[in-house]
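Structures for review follow.
Paired with subunit B in one complex and with subunit C in the other, subunit A is shared by the two complexes that follow.
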Partner chain A sequence: MSELSAGAFRRKPLVVQYPSLLIFLGLLALFTLGVTVLSEGFGIGVISTSFVKTLGKTLCLCLVALAMDLVWGYCGILSLGHMAFFGIGGYAIGMWLMYARTELIVIESLAGQALPPTAQEISDGIATQIFGVVGASEFPPIWAFAHSLPLQLAAVVLVPALLALVFGWLAFRSRVTGVYLSILTQAMTLALSLYLFQNDSGLRGNNGLSGLQNLPGLGDVPQSVVSVWFLWASALALGLGYLACVAIVSGKFGSVIRAIRDDEARVRFLGYPVEAYKLFIFTFTAILAGIAGALYYPQAGIVNPAEIAPIASIYLAVWVAIGGRGRLYGAVIGAAFVSLLSTWFTGGQAPDVNLGFATIQWVDWWTVLLGLSFVAVTLFAPKGIGGLFDLIAAKRSPDRHGADLGPDPGALREKEANE
Partner chain B sequence: MSALLEVSGVSVSFDGFKAINNLSFQIGRAELRAVIGPNGAGKTTFMDIITGKTKPDEGRVLWGEKSQSLLAMSESRIAQAGVGRKFQRPTVFEDQSVAENLMLALKKSRNPFSVLRFRASERDRARVEDLATEIGLSGALERKAGELSHGQKQWLEIGMLLAQDPKLLLVDEPAAGMTPAEREHTTDLLVEAAKTRAVVVVEHDMEFVRRLNCRVTVLHEGSVLAEGSIDHVTSDEKVIEVYLGR
Partner chain C sequence: MIWYFRQLAAGLACLLALPAFAQQAEAPIQALLVEYGDIIAKSSRKTIGPAIDALANSGLPQAQTVLERWQAKEMWRNKETGLFVFAEEVDRDTLRIFDFNDEGEIGIAPDDDFKQLKPNSGIRGMIGAALVQFQLIDPDPELRATALDAIERDPEESHLTALRATAQGEGNPVLAARKERLERLLTIRFGETDDERIAAIRSFEGDLGVDARATLNPLVATSVVVSATPLGGAEIKRIIEPGSEALPRSDAYALLVDAEMAPPLVSREDKRVALVANIEDGQVAGIEVAALGTEAARDMAYAALAATGKVEPVAEETEIEKTLQTFLFYERYTGASPAVALAAADVLSGIETKVAWNQMADLGLDALSLASIYFLAAIGLAITFGVMGVINMAHGEFIMMGAYTGYVVQLFVTDYTLSILIALPLAFAVTFSAGVAMERLVIRWLYHRPLETLLATFGISIALQQIAKNIFGTQARPLTAPGWLDGSLVFNDIVSISYIRIAIFVLALLFLALFLFVMNRTRLGLEVRAVTQNPRMAASMGINPDKINMLTFGFGSGIAGIAGVAIGLYAKVTSEMGADYIVQAFMTVVVGGVGNIWGTLLGASLVGTLQKGIEWLNPSNTLAAQTYMILFIILFIQFRPRGIIALKGRAAEA
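Now for the complex of A and B:
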C-alpha cells in the first residue's frame, strides 16, 4: 500500500514531478542554439535577421501565453486584459530607449555650437524631438524617470503589478467572477488604450513610441547581432518564467488554485482566503506579461495604443485555448503555433486559393480561419493541441491509478499486469 | 460548561420571505446534535448563517470562549476559526487525487505565502494516510476524486472535514445515497467525532437520527419547534402535527 501511496504527495525534485519541465528547457535551449547558429549575426546566415526577430518575438508571446494559462487555465480567471500589462511593459522600456537615443542625437547635433549646450537646452531638444509629432515640446510628468534605465526597468515590473493589484483587489473583493470579470478586464484594456490614443496622454498618442530597435550607445552593433541578443534574452525569460510557473503549480499552491477554479465556494469553506490567492496569481501573471512586453517591443521596434486594444487580449485567450489550457506547455505551443502561422498567413506568403467564383486571400481570410478553428477546438477538442500528448501517453500505458483491471476484486491489479 | 456556539434571535428574509425567524440555538464543546425539519424549515439557511455565507438581518452568532461574533467574519476566517461544513451533494475536487484533496484540507496555515513554501512533512503524509485508512480509501490515494463512487466521495468529504480538525462540524445529510453498511460506518464516525468536538447533523431520515442517539432540534418555518431526546420530540404534539403526522 505504501508503495502505491508514496508517490502521491511525496516531495520529489521538480524535474521528476514535472517531466515536461526538463524536456521543455532542453528544447528551448536547443532552439536558441539552433537559431543562433543559423543566424546572420552569429552563424552561417541561413535565417534572416527579420525572421530571428520574429522568432524572438514569438518567445515573448509564449511567455505572456504562459501567464494567461496560469491565470485562466489554472486559476479559472478568464482575464481579457493581460495584453494591457504586456503593452505597459513595452511602453516602460520604450520610454527609456527613446529618451536615451534621442539624447545622443541631440547632443551630437548641438556639439558643433561655439558654446557647449546647457542641460536645459539638451532637455528641450530631446522633448522637441520626441513630442514634436503631437505638437508639444515639453516633457509630461510621466517621463520623469525616462532618463534612467534602472528606474524604467523597475517600472516594467512595478506598473503592471500595481495596476493588477489595485484592479484585482477591487474586482475580487466584490466577488466579481466569470463573464462579468472578463468584461471588466476588457473595459480596463479599452480604457487604457483609449487614454493612450489621446495626444495629451504624454505618450505620443496614436504614434506610440518608435525606433525601439536601436539600442542607445550601441549604434555600431548591427541589427543582425542585436536581434540574436534579444532572442537569447527572450529565451532566458521564457525558461525562467516556465520554471517559476511550474514551481507555483506543482505544489500545494497549485492544488489550491486548481481547486479555486473548480469550486471557489468550497475552497472558502476549507478556510482559504480565495481572494488573496486570486490576487496573487493575477498580479504575478501581470508581472510576467510586463516582462514579456518589455522584451517584445524592442524587437518589434514600435509600441502604440493599438497593441493594447481589447482584441489583442482576446487573441491571447485564443492561443491558450488552441494550445490547451491547464497545462503550461500547451500555452507555449498554442502561442508559438498560432502566432507563427498568423505571421505566415498575413505576411502574404500563403498562396491564394482560387475557388473559381472567388479567391481566398489569406491576408483577409486568416482571421476567419482562426475564428473557425477556435470554435472547432472549443467544441471538439477542449484540451487543444496539448491534448494530443494525452493520446500518446494513453496509448503507451493506460494509467488506471491502481484500480482493478477486471470486474471483480480477484482480477489482475495494475501492478501485477505491468510486471 | 459554556456553549461553543450560541445563536440568538437570528432572523433572515429573502425577498420578504422569512427563511429564519427569531431562531436561537446553542451547542456545547463536545456534543452531537441532530437538526431535523421538513423542507423549507430553514436548515440549510441556518448552516449558511453559521458559516458566513448568508448574513442575517438581525440577531447574534457568538463563537468560542471569547464569545467572538461570527457575523463580522468572512467565510474563510470562520472556517479557520474552526467551523467545518459538509455539503449535501458531495463536493470534492474531482480533478485532484484523494491525497491532494486531503492535503488541501489538512489543518495548516492558509496564508498564500506560507502555502507557496509548503512542503509536506513526514507527519503530514502519515496523517493523510491515517485519514485515508479511516475513511476506507487507503488504496485509492493516487486516484482522482472524480473516479470515486458516490459513497466514496461522501467519505472523502468527511475525511477532509476531519483533516480540517474543526471545533464544530456541520454535516448536511451525510447518509444520503449510502448503502445500509455505509450508513452504519457514518454513524460510528460521527459519534466518534462528537467525543472531542461539537457535531451538528442536519438530516431528513428519522431512522438515521434515531441511531445517532443524541439531542434533537426540530426546526419549523425558521424557528425551533422542539428540542430534546428523539423520543421526546417524536411524542411532541406540535412536531407530530407539522412533521411526522403527515
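Now for the complex of A and C:
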C-alpha cells in the first residue's frame, strides 16, 4: 500500500512534493547575499570579519545537523558519532592546509642556503615544523597524501564514509538497535578521540592541527575576503545538502526509511533489506558530516581531539531535538538558533541577571539552562521549534480531523502525506 | 682576695696544661694524625683519601671519635705544634679543648692558637663512608640500620670486610638478615676469588629483590669488539652478524671506523658542507649549483670532487658490505671474568623467568582492582538500566555527586575515618533523593521511550556537570583516605597492592552481596522483579508500580553515590569524573548482559583485565589501552549482542 502511494507521489516534481525546499533555498540565498553586502570584504563593512566567520561556521553546523536529522529524525538511528565524522573531515582538510602552508614557509627559509634544497630536506623541514610540539621529526604514514589537495579532499569524503560503512555494517548486521546502538556509537567516538589525544597518533595529540585559517598561497588575500568565500562555500554546501536530503526523504525511499524508524521488524517482513537502507543513510550522513567539518575547521582555525569527544555529538542531538526532528528545516533552525545563542551567551555579551542574593553569570550558567531546556523540550515539546510551523500549517490545510487518507488502518496518514 | 686566687688558679691550670700537649704527641692516634697533618689541613677532596683510610684502618679505638669530631667540624689543630685536639667553644674567643687519646679535658685556651678544620660536604661524605664500619657495631640498632642503608646506597670494598667482621655478633635478627644479604651482595661485587663470587651469585638463585638484579646486571655487561682474525677465549660471549638486531650495520661500520680499519662514512650533512665549501663561480666540480637539488646530483658532484682529491673519498655501499664481511664481530663480557659472568647470566635468566611470573600476578591484582572500580561504577546502572531498562546518562553525575558529598563532609569533619563513615550513608541519601526526584520529574513520563529517556538524562547530565563546575570550580578536589588505608600490602619487590584498592574490592563484594540480598531475599526485590516483568499483573496483585519504580531508581542512584565516594578516594574529584566512567560503565553492563548482576560482574572483570592486559603490552600508553579496549568491546558485541549472560525467555522480552 505504501509503495503504491509513494509511487503516485514520485510523479510530481520535487518542489511540489516538498514546498519548503524553495522557501529554504530562497532564504539561504537571501541570507548569503545579505551577509555579503554587509561584510567587510565585499560590502559596506557593517558585519565584522569574525562574525562573518561565525555565520559561516553556523552554516556548517546546520549542514551536520541536517545529516543528524536524516539519520535520527527520519531513520531512527540516534547516532552519537556524527561529530566524529565532522572532526575527521576537519582533520583531513587540516592536514593538507598545514602541510602546504608549512611547505611554503620551509622552502622560503631554505632559499637562503648555498645549495638548492633537496626534496628530502624540504620534507624533513616540514616534519620538524609540524611535529616538533610532540617531539617527533618524521612524517607518520597517515600523512602520506597530505601534500596533495585532491587526495585530501577525497579523504574528506572517503574516510568518514569508510568508517561509517564498516561500523554500520558491523552494528546493523548484528541487529544492534535503539539505545544500544547509541551507546555503541558513543563508544566509537570516545575511542577515536582518546586515540587522537595520544601524542604518537601522528596527528599532533591534544595540540591538534592549527593555523588552518591561513590558506596556502593566498597569504596576500585578507581574512575579510577569505571569510566571505568560506561563507559562500558553506551556503552552497548547505543548499546542495538540503536538496539531496529532500530528494532522499521524499518519494518511496523516504517512506521506507520512515517506516524503518517506526517499525523496523514490519518493514523487514515486507521484504525490504532494512540493513542496506540503514547503512546507506548512515554512510551518506557521515559523508555530509565530513564535508561540513572540512568547511567548518578552516574557518575555526584549529581542530583538536576535544572537538571529537562524545559530548560534541550529544550537543548535535540537542540542536536537532530543539529545532524539531523529523523535518529538515527543523534541524537547520535548531542548529542555527542554539549555536548562535550559545555563542552569544558564552561570549559574555548576555547581561548578567541579578537575583539579589546572587548574580547569574551566563558564561557559567548557560550550559545549565541549555541542559534543562533540553529536558523540557523532550518532555513537553517533542516537535521542537519546528512544531510551531505546524500551528500555521494546520490553519491553512483542509482539516480531515486526522483521518487516514486510505480506507484501511495501514494507509498513509494525513500528517505523513504533508511531509 | 678571692678573685686574686681564682686568677692564680687559672694561671696555674694553664701552666699545668702545657706539658699535657707534649704527652699527647706520644699517643699513637696523635702520631697518625700528625703524620697526615698537612693533608688533613689542606682539606682537599682529591688528596684526603689516604688520610681517611689510614684513620679508618688504623685499628685504634680512638679513630671513630676522631672521624666523628672531624665530620662535625669540631677538630682543631694547634698552629704551633701541629697537634690535633677537639674542642667546644666556650665563647667567641675561647675554647675548651680535649685530648683525643683519652677524651680528657686539657683546659681552656684562646682560639687564636688553634685552627678549626672545616671539611667540605664531599669530604664529610667520605668520612661518613669510613665511619660506617664503626657504626655497624654501634650498640644502637637504629644507627646500625642507618649504616646498612649507607652501604646499600654506596657500597665500597672496605665495607665487605667490616660487614664480615660484624655479621657474627649481630643480635638483632632483622639486622642480622640484612647484614648477611648485604655481605653476599658485596661479595658478588668485591669478592677476591671467582669461586667466592660465584658461590655468592648462586645464593641469589630465584631471588626477586631489586638489589640482587641491580648487582648482577653489571656483571653480564658486554661490549662489541671487532677483529680481523677469529677470536677464542672464555670471555667471548658470541659472534654477532652486522645487520642483526643486536648490531645494526651502521653501528658495526662505526666500530670499524673507530678502530681505523675502514674509511669514515660521509653523512648527508657533511657532504653538503663539503660541497658548499667548494663552490667556485657558481659551480661545484663543474656542476651548476642550481642543479644540486637532488641527492643523486650531490653524490655525483661529491664524487667528482673526491676524484680531484679535494675531499675524502666516500665509502660506497658495496665497499661497506665487503668491509663488513672481512671482519668478525664478537660480543665480549666486560663486567666480570667469564666464569662469574656466565654464572650471573645463568642466575639472572632464572630470576627473570620468576620476575615475569610475578609481574603476571601483579598485573592480575591490578586488573582485579580496576575490575572492582568498573563494577562499582556499573552496579548502580545494573539496577536502573539492567533491571528497570531505564537509560540513565546522568549516572556518572550521580557518582560525581557522591564524591563531592564526601569532599564537603571532609571540609567539616577533619577526622578522616569518621568523615568517610559519615560520607558513605550521606552520599547514599543525597543521590537517592536526586534519583527519586529525577524519576518523579522526568523519567516516569518517558517509560517505553528509551531514546527520549537517553536524551533527557543527557540534558540533566550536562546541567549537573556545569552546576558542579560552578560551585566547586574546575580544579580537582581531594578526597583523602583515612591513614589506615595508606600504604600497600607488599608480597615481594614486584607484587604489591595498595590497601585502598583492597578496600574498593571489598566494597564491590559487599555491594554484590547487598544487591543479591535485596533482589532475592526482600519484599522490595520481589516487587521490583514483579514490576519489571509485568507491571500490569504486578499492579493487579496490589503492588504500586509507581512507588516501586521510584524506589528502585533511587536505590540504583544511591549506590552510584557510594561508589562515587570510593572512586573519589582512589582518583581525584572533578566535575568530569562521572563522564570518565559512564561509557565504560555502560560497556560493562552491556558486555556482561543486561539484567543479570553476575553478567555485570563478568563484564567488569573482562573489561578490567582487558584494559590492564593491553596496558601491559604497551605500558607507556593508557590512552591507547582504552582505545583498543573500546574497539574490542564493539567487536565483542558483534558476536554476543546480548552480552556474556543473555537473558532467555520472557525476562528477555520485558
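In this text, the second predicted complex is superposed on the first by the 389 of 419 C-alpha atoms of A that agree within 3 Å, B and C clash if a C-alpha of one lies under 4 Å from a C-alpha of the other, contacts with A are read in each partner's own complex, and residues count from 1 in each chain.
In the analysis below, contacts are C-beta pairs under 8 Å (C-beta built on N, C-alpha and C of every residue); 3 or more make two chains touch, one makes a residue touch a chain.
Just so it is clear, the structure is predicted and the values come from calculations on it, not from any experiment.
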Contacts of A:Tyr277 with subunit B and subunit C, given as first, second, both or neither: first
Comparison of subunit B and subunit C by subunit A residues contacted: C
Which superposed partner A:Ala187 touches (first subunit B, second subunit C, both, neither): second
First (subunit B), second (subunit C), both or neither touched by A:Asp262: first
Subunit A contact footprint on subunit B (complex, rising order): 51, 53, 74-77, 79-80, 84-85, 87, 91, 93-100, 103-105, 110-112, 115-116, 118-120, 125, 128-129, 132, 138-144, 147, 160, 164
Residue ranges of subunit C touching subunit A (in the complex, touch as defined): 272, 275-276, 279, 289-295, 298, 391, 442, 445-446, 450-452, 454-456, 458-467, 469-470, 579, 583, 586-587, 590, 621, 623-624, 626-627, 630-631, 633-635, 637-639, 641
Residue numbers on subunit A that touch subunit B, as the complex places them: 1-2, 4-5, 7-11, 248, 251-253, 255-256, 258-259, 262-263, 265-266, 268-274, 276-277, 280, 401-403
Residues of subunit A that touch subunit C when the two form their complex: 78, 114-120, 167, 170-171, 173-176, 178-180, 182-184, 186-188, 190-192, 194-195, 197-198, 200, 310-311, 314, 317-318, 321, 364-365, 367-368, 370-375, 378-379, 382
